[in-house]
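The following pair of complexes shares a single chain, chain A, combined with chain B in the former and chain C in the latter.
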Partner chain A sequence: MTSSNQYDAIVIGAGHNGLIAAAYLARAGKKVAVLERRDVVGGAAVTAEPFPGYRFSQFSYVVSLLRPEIIRDLELPRHGLKILPLPSTVTPMDNGDYLAAWDDHDLTRQELYRHSPRDAEASDEYGRVMARAAKAIKPILGLVPPDPSSLSLRDMMRMLKVGQYAKSLSEKELYQIAKLLTMSAADLLNDWFEFDPLKGTKSASGIIGTFLGPSSPGTAYVLLHHYMGEIDGAFRAWGFCKNGNGGVSAAIASSAHALGVEIRTNAPVQQVIVKGGRAAGVALANGDELQAKVVISAADPKRSFLQFVEEKHLPGEFVQQIRNFRVRGSSGKVNIALSELPDFSCLPGEGPLHRGAISISPSMEYIERAYDEAKYGQFAKNPYIDMIIPSMIDRDMAPPGHHVMSCFVQYAPYDIEGGWDDAKREAFGETVISTIERYAPNIRRAIVGKQVITPKDIEAIAGITGGNIFHGELLLHQLFFLRPAPQWADFRTPLPGYYFGASGAHPGGGVMGAAGKLAAMEVLKDWK
Partner chain B sequence: MSANKRWDTIIVGAGHNGLVAANYLAKAGRKVLVLEARDRAGGQLELHAGGQLRPDIVRELDLTRHGLVAGTPAPYISLLPDGRRLVLSAADAAATRGSIEQFSAKDAQRWPEFVAFMDRTAAFLDAAYRTPMPRLPHVSLAEGLPLAKLAWTLRRLGGKDMFRVIRAMSMSTIEFTEEWFESEELKAAIAAVGIHGFTLGSMSAGTGYTLMHNWLNRGGLGHRTGGTAQIGDALVAALKANGGELRTSSGVQQILLHRSRATGVRLNSGEEIPASTVFSAADPRRTLLGLVGAPDLPTEFVWHVQSIKMRGSVAKVLLRTDGAHGLPAGTLVVAPTLKYLERAFDAAKYGEIAQHPYLEVTTAGDVVSIHMQSAPYKLRGADWVDARADVERIAIETLAEHLPVLKASIRDVRTITPRDLERDYALTEGDLNHGQLILDQMFFMRPLPGWSNHATPVDGLYLCGNGMHGGAGISGGPGRNAAQALLKV
Partner chain C sequence: MFQLKHTPFHERTAKLSLPQNWRRWAGHVVVGSYDLHVEREYWAIRDAVALIDVSPLMKYMLEGPDAARLLDKLTPRDIGKMAVGQVGYTGWCDDEGKLLDDGTISRLGEQTFRLTSAEPSLRWLSMNAVGMDVTITEVTEKMGALSLQGPKARTVLNLVCKKSLDKLKYFRVMENTLAGRKVTISRTGYTGDLGYEIWMESADALHVWDALMEAGHDYGIVPCGILAMDMARVEAGLFMIDVDYTAANHAWIEGQKSSPLEMGLDWAVHLDKPGYFVGRRALEREQRAGCAWKLMGFEVDWEGMEPLFAQVGLPPQIPAMAVRGSLPVMHDGKQVGYASTSTWSPVLKKYIALVHLQRPHYEPGTRLTIEITVEHKRLHAPGKVVKLPFYEPEWKKK
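For the complex of A and B:
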């Protein structure tokens, strides 16, 4: 074996978390390799060109949660990261009217006032309360979860940190967080608002990526999770990455590369090599073996522990817990190439709505009923759809005059009755098109091409078991010190030398990067 | 009774919690008066064919001497569409094993381990319900010690059980039971207990917790039978022996305040009765917004009280039969599959009566008592005057599918809708639990964050009903806890 196959650390998977973990390790002077199964880096943050000239953020499609300190530490703007704001959200209504949230506070307020003076009054206060709660809970994102059953010094120190954090909060903040962690998005929003399209649109943040309806307890937390993003210090702002979300990955990869990380694509990992009870490297599918002092998996928990590591190297209890980890995919994606802009009957012609998000979420009940269908094994016949038209923000995404539209769709269950096949995928795509058609009648004739992605496809292409966009649902019993398994939430695993740093670890999913960074930091702590 | 007798404590409501609180206070030498709007004590007890007071309360109040009969364990029986029955009996391990084996040999083997785990979990929950919940984040030493003890109880379960308990709290029964069993029939039978009495489905997060809760109160899946009907009478007898007084047909109209301190109550009759402290066993919303009134409370507090989730979706159908109803003794359920239970709940979400409801059925002699879910308080496009007949029909038809002889045996039917529960039993929105037992309304958040220690913003007014920490069910825990809280002050 040549020394070129010897590393300090090997990272499995070049998704954003894997790349970030690798970059931080390289920054600390380690020799690091990232191994990617596919021919492109980025994992679920990739830009693809399924039709010549039309480029799409294939899976994840907006940015907000990416941690600002990571952007700073890895100098991502210097490496090409450019985030363009998504200024508005428009919800077309069934009566031909619409609800809009513009990037102008007064306009938004006026607009809401038109529908419900009461909600317009409540809206500012709600925004303040949620922003406060998000700010209050945010430090948790940077904490290594303690093992509450452990009496080790390390865990006691971590407990102390959690305690100190809790002490820093006021009584009101504590209760607010406790409530938000446990209640349903529907209960939360019903307490504040009355206007159905407003509640529907807001509740959507509470169900994205989960297999729950807005009235399920725990969805208020998912809603809050989506409130924790910031762009340039502006809380709750969502943006679109220049060149699509592949642009995020490209910037991180470029930064990692500059720091000396070796990135190998087309290098699927077969297995983690274990020597003397320690992870000692990996064997690739082509038979090559790479040696390393530590191995970090940025794949999902199921792959990381049930596929890459032989069962005999892990405690039975732990294996069982990983088997029990819930990874039910619930969302799909339809990427549409268009010859003209969709013309929404509620706001005809080209307008500012095309530069923001367009949300098919007329009410919470609409979304709840969509969930009901999915929980019994069908895709929703009337789905929640979040549309954006990246070519309106970044002209390079489509040929001149043409457009690309990204539609995030929920619910589409991974475990659809009878299993997914081409006919069901086609039917799912058709459901999405005909749903949009109700609000934008020209959509069908504008379609140049469409790519339909089911949870099964997310699994097959991005390598995420179950097709869950968070590598595991953000359920209460899968958060913090329980993510991915009790006693192993500190990015270490029962196999010494093997670490875990992806969305399936604390603090969970979205293009956030916190798990990758925290894992790298823990690796470095153990190094000393 | 002398009119000018000065009471230490007036207790609003002679349900089991009010009476338990009254007994503890009277026993401690307080002069106690219990006021009940109805013409008899016992509150909603008369609606339940199963349910027991907590054993330590029975013991401490010497209720056996006052006529309380201990319930006897009875089997829990799931009636299945193909005519088979899943019979789970705490008293007969061999029969239980044999019955589960019809569906899964593996599950039959796993069952004793599950029961042992649930019993340990229930013991922890029991300890939690006895521990006063603190106001965060400034936990005093007096609150901190019992809390530390509780944390130690949890730790002592061992790492494995401890995490199982923590996880199960926020899980759904579908997730929870899937980690234990493979048989749909068994999983559904267990899940049914998790949603019993709550507006939740087998897929709702938090039903793992409600399963533990009901397991604790029942001592397993099935109710002990007998004794529930005597709880009220025994508590009243004990109260008299302890020197307390009960006045029935004395509905309270208003809790009287002077400078935001409770000074007594005014009855519907106009009579005013002064007292140093007032306990309310009515639900928090009714007590605070109805009997005190929003103008006398802090605005934000009122807002929080208004948003307590009360959403009854249970109807009771009581059948008086000629005795030949054909029902075996025990707790019978119609809960064939997990999805069946979830669909029964779906109806409640949209204000509809479930066409295929979850039923739990118990018998006391000739009387068959059917608990039916979902029959939501807030109906959409219908009112409860018309819907009463639907509930009756659906409940009887659903049960008769399993017991063909039932229909011919019926002599009289009494249906209690959620509206009736509100009007006749003073249960706001027909919620048997005085507030849903959902994750954001439990422990230190029950009834409201910061107010789980029985006190209210009104000095001298305490809450002691099922809407409090440890409440929901017939345990009497909140009544005892509230009395202890006052006696400590």
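For the complex of A and C:
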């Protein structure tokens, strides 16, 4: 073995979290390698070109929660990060009308007023309440979650920190947060609004990436989770990444590289090597062994603990908890190359709606029914679809005059009855096209190519067990000090020297990077 | 479709604005200034007569046996004491006694009120009206509103109105006919001068505008934008939501909120009225304890400011218009408050500001300093705390 295979730290997986963890460790002077199974970096934040000239953010497709301090610390703008505005959401309605929400208070209000004066005002108030709650809860996301049952000094100090912060909130804010943590999105939205397309569209962000419907308790929190992106709105932390989400990964990889991180692609990890009860390196699938003082997994919890580490090195109870960790994939994606823009009957011709999100979410009931089908092992026949047309935001995404359209689709269960096969994938894609066709009749003739991605494909390509976009659902019992398992939410694991820093860790998914950064910080704290 | 709204006067105002200077107001576009010199519009308010489009004000009709009871619950004002034909200015609070909004209430009948507000209030009104026999209708878009302000305002109105305005007292409202169209006219405004606000159906808007412009021609009528009005309202000591105070439901933190007592609305907070109103207990507590902050006027000493500019060889440079930006106010090198709007006052020939001061620095006559910028350097000009308003012409209430 040569010294070139000796590192201070090895990171498994070159997704955005893995790259961020590596960059922070290198920034602290450590010799770091990132090992990536695939031939590209980025994990689920990658740009692909399945049809020549048409580029897609293959999986994740917007940047909403990327932590501003990571952008600063890693100098991502210097490494090419450009986040372009995505200023509106239009919901076509079944009666031929539409509901539009703009990145402008007056226009949004004016538009909603057309449908419901009461909701127009409630929406103002709701937005403020949610933003304040998100602001209140956001600092907690940046903290390592304390374990409330622990008496260790470390946890007590952290508890104190959260406690001190909570004390700075008003009673009203605390009650709001308590409610938001326990309610369903449907109950929350019914408290506030009456207009179905509005409730449908808002509820959608409560179910994205979970295997739940809007009426399931806990979905209100997910809704709030998505609101966090809005707080840093002024810093443009929310939007479309130039060159697709592969652009985010490229910027982070470039920064990591500049800091001295060695990134190896086509280097699947077989196993974490354990010596003297500590993680001591990894064995690659090709037989190579790399040594390191610490190993950080940025893969999903199942892979990290059930595949990379032999069960004998981990407590049975912990293994059991990871086995029970819910990673039910619930969504798919259809990427469509187009020869012309979809022409929406509710707003004919090219217009501002093409530069923002277009949401097929006519009501909460529509989404709940879509969930019902998924619950019993079918993909939704009338799915919720969140569309964006990246080529309208970044002209480099498609040949001139042509377009690419990204359709996030829910629900598509990982465990579909009889298992996913080509015929089912085709039928799923067809369902999506015919759903869009109801609102944009020219879509079919405009299709140049289409790429249909099921949860099974997400698992196979991006390596996320279960195909869950958050590496594990954002359920209350899988958040904060319970993510990924009780007592092990501080990025450490029962195996000394082995750390865990990905979306399956606190604070959860989205192209956020917090888990990667926090894990690196904990590694550095423990460094001796 | 994806544009901000126009007011019913847009067809006229758009043609008249020479600099095409537009401003946003409650989801509408309105003229910022008509003239290349804002001061010409300003002087129409103070010396002749100015016509201002104030249609974006939110307007609500409250009707029914419980209309008065609803307003009495919502506002710290004693609505029971308001006679038919009376107009009352008031702020209203959340239950912590912090200001949500402010506006006027016109008692058009025993059971009929019109409320104006800066922010949408339908939700707040409806929430508080539960169990009451009152209908609440938003009429913002159905109505046009013009403000005719200035010492010649009455003369001009009398030329076009069927009924004389001579008997209409300050803060009273009347039904009238203006050039053949039904209007209500209140003796109110946002300038602190003699002035009236004319409320009409949107369909009659252009007709009324034309009649007033024609009648006012020989009296020096000038269409006036909101920039000139902003100067006049500071002189009149009138504050503006989200400029001079943050609505409690817009505030990010507790410290951003203000109570009506802090904003100097003591005269409109009737703690002696019977029964509960929203914010009552908090306001009673604050009344007992005294206010931590007060909104006051501040006049900068010209003699104190001149040398600061003279050092660099300049005469004093004062912004020609009202500036909506925070300026620190200091006492002995320690910040004790801030200005929220400051302006040059052409009628007073003074540099004045609306300031928020901490106890005990808000007593009239207190000497403090305010930040000024002299050739990119932040300096402090001396001045003194004064009562509001800065300017009140004798004809305002006559």
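Just so it is clear, the second predicted complex is superposed on the first by the 519 of 528 C-alpha atoms of A that agree within 3 Å, B and C clash if a C-alpha of one lies under 4 Å from a C-alpha of the other, contacts with A are read in each partner's own complex, and residues count from 1 in each chain.
Note that contacts are C-beta pairs under 8 Å (C-beta built on N, C-alpha and C of every residue); 3 or more make two chains touch, one makes a residue touch a chain.
Every value quoted in this text rests on a predicted model; they were computed, and no experiment measured them.
In the superposed model, A:L284 makes contact with neither chain B nor chain C.
Measured by the number of chain A residues touched, the leading partner among chain B and chain C is B. Using the contact criterion defined above for the overlaid structures, shared-chain residue A:K135 touches chain C, although it does not reach chain B.
With both structures placed on the common chain, the touch criterion links A:W102 to chain C but leaves chain B unconnected.
By the touch criterion defined above, A:Y376 lies against chain B but remains apart from chain C after alignment on the C-alpha atoms of chain A. When the shared chain is aligned, chain C comes close enough to touch A:R118, but chain B does not. Of the two partner chains placed by the overlay, only chain B lies in contact with A:R326; chain C stays clear of it. Applying the stated contact rule after C-alpha superposition, one finds that A:S216 touches chain B and leaves chain C untouched. In the three-chain superposition model, chain A touches both chain B and chain C at residues 170.
Those residues of chain A that touch chain B in the complex are listed here as 148-149, 166-167, 169-171, 174-175, 178-179, 181-183, 187, 191, 212, 215-218, 317, 324, 326, 365, 368, 372, 375-376, 475-477, 482, 486-487. Residues of chain B that touch chain A in their complex: 135-138, 155, 159-160, 162-163, 166-171, 175, 179, 203-206, 307, 309, 339, 342, 346, 349-350, 438-440, 444-445, 449-450. Those residues of chain C that touch chain A in the shared complex are 2, 4-5, 24, 26-27, 120-124, 126, 138, 249-250, 252, 254. Against chain C, the residues of chain A that register as touching in their complex are 100, 102, 106-107, 109-110, 117-118, 120-122, 124-125, 128, 132, 135, 170, 351-352.
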